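What follows is a set of structures to go through.
In what follows, subunit A forms one complex with subunit B and a second complex with subunit C.
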Partner chain A sequence: MRVEKCWFCSSSIYPGHGITFVRNDATVFRFCRGKCHKNFKMKRNPRKVKWTKAYRKLAGKELAEDATFEMEKRRNRPEKYDRELVGKTLKAIEKISEIRQKRQDRYYEKRMQKAKKQQLQADKVQLEKEVHLIKAPAGIRAEKEKLKEPVRQADTSKDAMEE
Partner chain B sequence: MIPKYSFLKVIDTSGARVAQVIGFYGHQGGYASIGDVVKVVVKETRGEKTPEGSMRKAVIVEQKYPFHRKNGSYVQYTRNAAALLSEKGQPIGSRIKSLLSVEFVKPRWAKLRSISKRLF
Partner chain C sequence: MGGIGKRKVGGDHKHRKTFKQLRRGQFQERHIDQVWEDVRKPPALVHDGKTGPMGTTAKAELDEDVPGFGKHYCIPCGKYFNSATALASHEGERPHKRRVKMLNSTPRPHNQRDAEAAAGMGAADNGPKLRSGAGAGAAAAGAAADMDE
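Here is the complex of A and B:
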């Protein structure tokens, strides 16, 4: 059993999912779901479709080059079964994916550092422009008082009716 | 899912180009799928090796309709294609221009595998 990568969006294809398409020139395309398959049939280039990993890596939104990616290459030569080797590999896989996740998170944080500043500036501009939408605290209190008055009046009228 | 009277592209070097399915071997009526042997009539040829109008056996090698594999995947090709066989069931051509699927791993198709590139 092998977990393949979708040709279009680069997500993992688990057994029982997706369609494999073999072209006349013997190239094999695997798709994880109908969405990717249909996009392929429309002849869309995954490097231009914003939600695919190909686009994100090309546009620098995600970590593209790293030593941890090199370790996940496809090796076509089957290794002779060795229990120790399998155990070590499993542990290594865990560790490597941890490291890879941390590096990706760091990359994202770095990319988003500028966003905080930008957000602050945008907030400032918005405050200056739309300050008329905000009510001053004194005004809010005055409104609350106004709301209470009719309720008091209604109570007194009720008492009068009961009597 | 190839019914009777459908056209198959012949993708080996037997000289024929297009063959029409006129019957099935191994089961009656209905449809043939990848790996099934069918009776065909050669409709178009290039060269003298297989004359037009001759009836031959053929094995279906590619199919547009997605066929199901036991591991849960579905595989489809761009065309319906076949390789011509002799009466004994051995391929006539010397080369197969296609990516054969793992359905041909059986010893019955050993000769077919030897004239193709690799199995997929």
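Here is the complex of A and C:
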């Protein structure tokens, strides 16, 4: 049994699922569901479609390069059955997926820290530019004048002192 | 060429294709990854002025089903033309130039290997070499070529 990957979205395809297209130059395209197949028929580029793995990895949304990704691969020469090896492999799979999950979580947190700062900055700019949405222009004008008044008074008092 | 979304105003309603026909037609043109490779091959390997594009099963010496019996072929656009002059004038056109520029400046289009890499899979493992000597050397060279792709 071989679990294939979808050409478009890179999800796993289990036996009996999805659709396979073989082009007349013998290239095999596998799709996990109709959505991916349709997108392929429309000649969409998976690197430009935001919900695919290819996009997310290229855009830096997900951890792309890591040693834990080297474990799963297409093995074209099957291993001879060995009970001990199976036990070891199963243990290793568990351990490696745990490590990978942790690394992915860490990557996500790091990305979100940056995003938080950016969001705060954007919010500040928006508040400055679009105050009129929460306060009427007349109210803003009145407030500005209120701010100006004490300054004028201070100026006049200074003048008086000099005289 | 009338693509999807580009509708000629007035005129040929008899010859206008349905959305489905148009989309199928566009799908059956040579795909971008094939053309990307064609552009990088020596032109004689792709099209020798006699047959359909190489790497397909269409290999008639003179193909009646394509314009100009398949003699005049534009590799970057994957199109046949009726005459050498038509091909030459096509090569002076902006869409052709734009496509050539795009093909030469973009990296290799998405393929199954990219899809697998994005899914978190490593390079294929073909196991240790089984044969030694000249045969193994050839096999290793083949494997190396696979890796390069």
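One rule holds in what follows: the second predicted complex is superposed on the first by the 117 of 163 C-alpha atoms of A that agree within 3 Å, B and C clash if a C-alpha of one lies under 4 Å from a C-alpha of the other, contacts with A are read in each partner's own complex, and residues count from 1 in each chain.
By definition in this document, contacts are C-beta pairs under 8 Å (C-beta built on N, C-alpha and C of every residue); 3 or more make two chains touch, one makes a residue touch a chain.
Here the structure is a predicted model, which is why all the values come from computation and not from measurement.
Undergrad: Sticking to the clash and touch definitions up top, decide whether subunit B and subunit C on subunit A clash or fit.
TA: fit
Undergrad: Which partner does A:Val86 reach: the first (subunit B), the second (subunit C), both, or neither?
TA: In the superposition, A:Val86 contacts neither subunit B nor subunit C.
Undergrad: One more residue to check, A:Leu120. First (subunit B), second (subunit C), both or neither?
TA: In the superposition, A:Leu120 touches no partner, neither subunit B nor subunit C.
Undergrad: On the superposed three-chain arrangement, identify whether subunit B or subunit C touches more subunit A residues.
TA: C
Undergrad: So in the superposed three-chain picture, is A:Val28 touching just subunit B, just subunit C, both, or none of them (first/second/both/neither)?
TA: both
Undergrad: Once the shared chain is lined up, is A:Thr20 touching subunit B (first), subunit C (second), both, or neither of them?
TA: Only subunit B; A:Thr20 stays clear of subunit C.
Undergrad: After the superposition on A, what does A:Met42 contact: first (subunit B), second (subunit C), both or neither?
TA: Second partner only.
Undergrad: With the two complexes superposed on chain A, say which partner A:Cys6 touches: subunit B (first), subunit C (second), both, or neither.
TA: second
Undergrad: If you take every C-alpha pair with one atom in subunit B and one in subunit C, what is the shortest distance in Å after superposing?
TA: 7
Undergrad: Which parts of subunit A are in contact with subunit B and also with subunit C?
TA: 23-24, 28
Undergrad: Give every residue of subunit A touching subunit C within the complex, in rising order.
TA: 5-8, 10-12, 23-25, 27-30, 41-43, 45-47, 52-54, 56-57, 68-77, 100
Undergrad: Quick one: which bits of subunit A touch subunit B in the complex? Just the residue numbers, please.
TA: 1, 15-24, 26, 28
Undergrad: Over in the complex, which subunit C residues touch subunit A? Could you list them?
TA: Touch list, subunit C to subunit A: 23, 26-27, 31-32, 34, 55-57, 109-112, 114-128.
Undergrad: Going by the contact rule at the top, pick out the subunit B residues touching subunit A in the complex.
TA: Subunit B reaches subunit A through residues 62, 66, 71-79, 98-99, 101, 117, 120.
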